[in-house]
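Each of the two complexes below includes chain A, the first together with chain B, the second together with chain C.
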Partner chain A sequence: MLAYIVRRLLYAIPILIGVNLLTFTLFFVVNSPDDMAVSQLGEKYVTPDAIEAWKQKNGYHLPLFVNGEAEGLGTLTETIFYTKSVKLFAFDFGRSESGRDITTDVRTRMRPSLAVALPTFILGISVNICVALLVVMFHATRLDRFAVMVFVAAMSISTLFYIIGGQYLVAKTWQLVPISGYHTEGQVWKFLILPVMVGVISGIGAGARWYRTLFLEEANQDYVRTARAKGASELRILFRHILPNALIPILTGVVVVIPSLFMGSLLIEAFFGIPGLGSYMLDAIRSQDFAIVRSMVFIGSILYIIGLILTDISYTWADPRVRLN
Partner chain B sequence: MKYVLLWSDALVFLLAVSIAVFFWRLRRDPQNRERWSQVFGTRLGMVTFTVILAYVAVALFDSIHFRRALEPVPGAPAGEVFYDNRVTSVLDVMLDGMGERFERTYSAPFALKSFEKFNMKDEQGRAYRDYPPLKYGGVHLDDPADRTRDILQRSGAALLKGLVLAALVILPQWLWLRASPYPWWGSWLVQAAVICLGTWLVVISRHYHVLGTDLGGTDVAYLSLKGIRTGVLLGTLATLIMLPIAVSLGVMAGYFKGWVDDVVQYLYTTLSSIPGILLIAASVLLFQVYIDLNPDYFAIGMEKADARFVALCFILGVTSWSSLCRLMRAETLKISQLEYVQAAHAFGVSHLRIIGRHILPNVVHIILITFVLDFSALVLAEAVLSYIGVGIDPEMASWGNMINGARFELSRQPPVWWTLSGAFFFMFALVLAANLFSDLVRDAFDPRSKTRSPRP
Partner chain C sequence: MSTGLPGCVSLLLTMLVLVGCGEPPWNNPHPENPAGEITYQSMISPRPPKHLDPARSYASDETLFIAQITEPPLTYHFLKRPYELVPGALEDFPQITYSDADGRALDGGDPGVVFVHYTLRLRPDLRYAPHPAFALDERGQPLYLFDSAAAAAQFRNLPDFPERGDRPVHANDLAYAIKRLADPAIGSPMLGFMAQYIHGMAEFTEKLSGIERDGWLNLDDYSMSGLEVLDPLTLRITLKQRYPQFVYWLAMPFFSPIPMEVDRFFHNPGFIERNLTLNWWPMGSGPFMMVKNDPNSEIILERNPNYHPDFFPTEGAPGDAEAGFLADAGKPVPFVDRAVFRIEKESLSLWTKFLQGYYDRSGEVHAHTTGYYDTSFVVGPDGISMSEELKTKGLTMSPDVKPGLYYYAFNMRDPVVGGYTEDKRKLRRALQIAFDTEEYLNIFYKGNAVAAHTLIPPGIPGYLEGEEGLNPYVYDWVDGEAVRKSLDEARRLLAEAGYPNGRDARTGEPLKLFFDVQSQAVSKTSMNWMNRVFAEVGVQIEYRPADWNRTREKLLTGNTQIFSFGWLADYPDPENFLFLLYGPESPLVCKCDGANPANYENEEYDELFRRIRVLPPGAERDALVARSVELWRRDAVWLYSYFPKEIFLNNSWVTNTKRHGISKATLKYVRIDDAQRSRLRREWNQPVTWPLFAGGALFAGLVLPGVVAYRRRQNETATTQER
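Here is the complex of A and B:
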């Protein structure tokens, strides 16, 4: 088991190098630092001096890969590639284009992101599975067909409308909770309840439909018929027979995203004014702060790879027949 | 008049032709015919497909662009013609100037007065503040109280016209397809509804703003209709760009195995480990920097917006091939173990021929299912991307831009709800139809779903 995890972690290294090279090409080769300086400084009144000064300030004045002017190891380390890309591996994210320390920002913003994403995730999965099980109980009846139609309709509505509609109804018309904002202490739940609700409800359509398909596949297996023939109650069949057997495909889809919960949700955080990593990314995209985008790409990739490893480990827990080696 | 061929126009007509050819070829295969007849044998399949076709038709009409010749200025040298900087499409002509009736700012659906108060002067020159009457909405009315009666009267006439038009369209179909076993009635019902609604919209829009106007005073119904092209094109073009990459890499990985497989697996694992939205955002931003630095390449604003749109399609396509590639690889691995492929190998058939004759035809159903499934996802993604600011150019009409422009307006008093509703309904109808249709296609084409026996 341990050997397997170590090997998987080693496999992750070439992937991270690939991610790094790809982002580096995107950010520095396709568009030169000069282009970035021009778009950061505004297009009209840019002098070569201003561009040079901006590059100097943000450390983009170095050559891309090889620095011929420096000596010894400096030929490789005093380059944009080393300072901006290789250092990411040591979790040294440097400073954003506006001069803030990215590592500190990420650390402080992780908590609000988790505060929204974790409850949304847990509640969302439980609700989706319960709804799906309920629908499976009424399989091949009119209720089932109606439920599927409702699911499809629900997943045809853009998340934006769930958010806008939720804010309008709950926060503005009924005035139950504040429209947006966040507190670090005190009544945090007041600010969290609506984003979490919206997050859960907007996911029900696609989620419940997906679980329904999974459960139906199991419901047609022979062991279910045997259990029914032995006189097991429908509830017992659902929870003791179908659910555990459907666990592997459920885990495949679910465990991967657990580490990525740290990244938060772009839309929910932006609309509800939650100072998490999602809104951090959005602000970075909107102000074209590529230093932050680069760091977030790296963090996101690491979390995704951890998620993949966790998925494999979770298989052994869900199904004793699976052995990792 | 000068015909304008935008990049996306060229691509959309290429797309229409290739899809037509694809379907025509599929028709010859008896197994595929049986599957399609399973899709279209249901009323739901007919209805949803007709709805999708209606959207596609609007998108195609909106893809024939031209620039109007300007009226010659007196004194200008004769023989020289100047063209309008704005691009008009056939759809604009069909809508009869619906997009050219600008108001000052917001106005409610069927309103006679503006939504906001303005400073005005009366006959004596005294300043006062009130809701000014609209420039186009209901100006023909002598008495505002007549509005409801007037609307009903015109609606009746418009619907009558629409019914006649619908009858003209449907009657030949009925004569031709009367004996067909397919539930054509569903399709005809949708056709009639769409034609009646369209006629009604065009006729009523001459005198009222059916869905009100937005902040800039543009008719919301018009904007929603213009958004159709953006949504439909994005949904199809991005998938079309993704398909060749995903299919060729996936089939190669599954067929040749060994180091090819390793490389392809490495590529898609790397790509899928990058958060998609960040990759898309970064690519779009970089392209935007390129556009901003090279303004000379684009003669008119529309071309600039179009370049960004095509780039967005490319970016979405290039960043999203990993999941289909994974499916193709797995399926090819399975197929290449089968006896008939082994036999082909033994006979010395070339790799290219084996892939073309034995493997590709057996994975077409996966491609097809992906195509219809991705379509609705992409239409929804467009709105989100536009909200983030890395989607469609703000100059181009799209549902995402409409939502983005109106997202705070519900908190006004009274709320401005019509812009959001316009985008909502047009988007919802398309995505719902696509989702329902893709379910049917999947049921018909997915071999797994056939073996599933109903519960006893």
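Here is the complex of A and C:
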């Protein structure tokens, strides 16, 4: 297995270079180094000299991809792409365009992201699985048909609706929790209740429907009929027989996102004022902070690759027949 | 039972258990304030400030903090209008003297004047807020100077440093601050601009550019010819040309004293990597000091224990006494002990918290971008007033016309709408008349703006009201008010310009105009409205939406026809607005982001501007300003323009809320009635608990039949199934 993991990690390098290249290209299609300089310098009384000085100071004075004035390897290495990208592979994210250390910010913001994402993830999975199993128990009844209808309706509604509706009812009208914010001094949980609740509820429609489909496939297998014939209770059949056998497709969708939990959620964090990595990314895009955007995309890619590797490993745990070669 | 309900209900129950453990109100987003201290609760929206180093910062959301912490040489009177400068860190206004190239003293009016000297004398009672940079060990050496990053690894935030010290403010600190503006490593936005005026600044920059740096560079080791420290409290700044507006720059944080010790402290090894920089921890001798700067959540200021005696003004503008703005006249300031600014990204959260009493003031309320505006304000014949809901809460409103303007301009180099012939003027004037600015502002800004007849906003010298200030090319003065000229007049002008009924008289082609709009700043409905008004005179419009970067590119290359732009005053002088049409400021001339993207070129205007720039206030200057405005009107350079209004709402426990369009250093005047705030917050935020019980009951009502159905199914036999 170790050889497999090492091989997968090596495969990751060209993927990361590709992702970085794509991010770089997309970002500079929209923003030029001059735009960034003006944005950082304040847009008033900005002289060409000041723009040039800013670019020089921040390493944006070089050509983007190819330096025609340099010689030899320098044509490729004396470019913005190379100088800004190579450090990423050493996990040196450098400083944001506003001068803050990105590694420190990422480390600080990871905690609030996890504080929301982890309970949302665990509760969401648990609730979705429980609901799906219960619906499967009442399969082919009116209750099942009604549930599917509600699932489809729930998944058709935008997450924004759940967020704004939740804020309006629970925080504004009933005044049960703060409408947004996050504080580590004292009662952190009171800021987490609403975003976690919204995160869980908004995911139930799609999640439970997907799991119901997986469980139904298993529910018609011979081993389930055998278990039932042996007198096993419905609950035992659901949790001890169907659930473990439906794990492979569940793991495919679930394990891959576990590492990405650190990255937080753009919408939830923005609306609930959670100072996590999701809102960090959003702010960076808004303020044209390429250093942060590039670092966050890089971290996201790495976490996704780790997620894929973990998924493969989890298959061997869920199904002993699977071998990683 | 089959959907998300169990999850929802169980979470609601969890909420009941968790939240119910505490005393109401449960929705308080703030931690407890320190006992006995009065805390001003405010917000930063939508993003935290990027730069707080006085040398680098040039944005109003950043000045909001720096202005409370630092003390520039001059400041503005809190209450008086038009805006009035008063000494800040100085004992008195700068003493201005003149000399020739050889340093011989001359009279101010002498044409041989080459150098202008500003002598600044600091107040003797200025003292910096306590700071670790001033902490000394038992040998009198700086306590926090480290050889390596590892040696200071335990310090991650400024409050982590247990020892602090302080010292009086010296004139050399002012000089040091100005040298920092010139340091290319800092990247001050003022460098290019100020180097045109301060003697020796450009040379100083050049000198520093050639120095290899490894860590901190003591700027005291390098001299700038325009700076001369005469004694510990006196600095002389020499300008290499007349620039009367320099006094306004002296009221900006760029010129706040910075002690060398602090600069050295923040250059300790490893500090930058931990965000321990002057850019994040501004310091000074102002009324407050920063004790927390977490760009992820909040900024906290606390009263500077070393702040010099300062008092609420005893005079104000007419009407201030009646409005209660002089109730605290002569009392020592600041009134609050702490100010907490929390980051708010979404307007719904911000507004809800304000109405729940968790923010003392609303922040700026925009009519065109804020969804709750329609439900909160009523636009009537007397202007804007609050809705009944807001009035019952006892809120007060602080409206103010901003010293700035927004406009749609013609590109004067465009072959269709640009040019200076009478035909072209008539074409532009016809379009000006067709564009009913008043209706536009009423619909899209809910009356929260004033149509401009001039390019100088109210509150700035040179602004004229009534008939005197009328733009006679677009309006008539009828029964004591300005009335827009008729569409017939617009059609007539259009025909005279060569476009009868909106068609080119030579080709018969319809006149089609191109608007470069910023995608996020213009709505579909406002585009439809503009289509309609121009259709009335037969003109077609095509929009070319783009983001700001693309729009900027078009402006730089002159590739626009009609475009939107805006300007907020740096200082309350007409020169700061007339600048917007100064020929050399055209991006096509200066090859830069010039302030004159309309590319207006008029030799007479440019000459007037050059004279206005160096003339002191007075009748002669006023006449030149009036002539410049007349040229702007005559040449019809802008399609339309307006002065934005800003509205701040204040909870009833906040007083001294008069808005100041230029200065942000007003926190020291704000007063809070803490007892009233606590009482009303409790009263307004009683939780509604029935939904929790109803949710619980619903859960039980759904689960129980399910359990019964399950049990029944489990107990079924083949016989019962058959039956």
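Following the convention adopted for this analysis, the second predicted complex is superposed on the first by the 287 of 325 C-alpha atoms of A that agree within 3 Å, B and C clash if a C-alpha of one lies under 4 Å from a C-alpha of the other, contacts with A are read in each partner's own complex, and residues count from 1 in each chain.
Convention: a residue touches a chain if its C-beta (ideal position, glycine included) is under 8 Å from a C-beta of that chain, and two chains touch if they have at least 3 such contacts.
Keep in mind the model is a prediction, meaning the values are calculated, not measured.
Undergrad: Chain A superposed: clash or fit between chain B and chain C?
TA: Once both complexes are aligned on chain A, chain B and chain C clash.
Undergrad: Examine A:15 and indicate which partner it touches, taking first as chain B and second as chain C; both and neither are also allowed.
TA: first
Undergrad: Determine, under the contact definition given at the top, whether A:112 touches first (chain B), second (chain C), both, or neither.
TA: Touch status of A:112: second partner only.
Undergrad: Return first, second, both or neither, reflecting whether A:38 touches chain B, chain C, both chains, or no partner chain.
TA: Touch status of A:38: both partners.
Undergrad: Once the shared chain is lined up, is A:133 touching chain B (first), chain C (second), both, or neither of them?
TA: A:133 sits against neither chain B nor chain C.
Undergrad: Have a look at where A:297 lands relative to chain B and chain C in the superposition and call it first, second, both or neither.
TA: It touches chain B, and chain C stays clear.
Undergrad: Counting residues of chain A touched by each partner, does chain B or chain C come out ahead?
TA: The partner with more contacted residues on chain A is C.
Undergrad: After the superposition on A, what does A:172 contact: first (chain B), second (chain C), both or neither?
TA: The answer is both, since A:172 touches chain B and chain C.
Undergrad: Where does chain B run into chain C after the fit on chain A, at 206-214, 278-286 or 296-304?
TA: Here chain B runs into chain C along 296-304, and the other listed stretches stay clear.
Undergrad: With the touch criterion stated at the top, can you tell me which chain A residues are shared between the chain B interface and the chain C interface?
TA: Shared contact residues on chain A: 30-31, 35, 38, 43, 164, 167-168, 172, 179, 271, 286, 288.
Undergrad: For chain A, which residues are in contact with chain C within the complex?
TA: 30-32, 35, 38, 40-51, 53-54, 57, 95, 98-101, 103-105, 108-109, 112, 123, 127, 130-131, 134-135, 137-138, 143-144, 146-147, 150-151, 154, 164, 167-183, 185-187, 189-191, 193, 196-197, 200-201, 204-205, 208, 233-234, 270-273, 275, 279-280, 283, 286-288
Undergrad: Which stretch or stretches of chain A touch chain B in the complex?
TA: Counting only chain A, the residues touching chain B are 14-15, 18-19, 22-23, 26-27, 30-31, 35-36, 38-39, 43, 139-140, 152-153, 155-161, 164, 167-168, 172, 179, 216-217, 219-220, 225, 260, 263, 266-267, 271, 281-282, 285-286, 288, 290, 293, 296-297, 300-301, 304-305.
Undergrad: State the interface residues of chain B toward chain A in the complex, per the touch definition above.
TA: For chain B paired with chain A, touching residues are 266-267, 269-275, 277-279, 281-283, 285-286, 289-290, 292-293, 376, 380, 383-384, 387-390, 403, 407, 410-411, 415, 420, 424, 427-428, 431-432, 435-436, 439, 452-456.
Undergrad: In the complex, go through chain C and note every residue touching chain A.
TA: Of all residues in chain C, those touching chain A are 1-4, 6-8, 11-12, 14-15, 18-19, 22, 25-32, 47, 50-51, 58-59, 184-185, 187, 189-193, 272-275, 277, 279-280, 294-297, 342-346, 348-349, 352-353, 356, 547, 549, 552, 570, 591-593, 595, 685-689, 691-692, 706, 709-710, 713-714.
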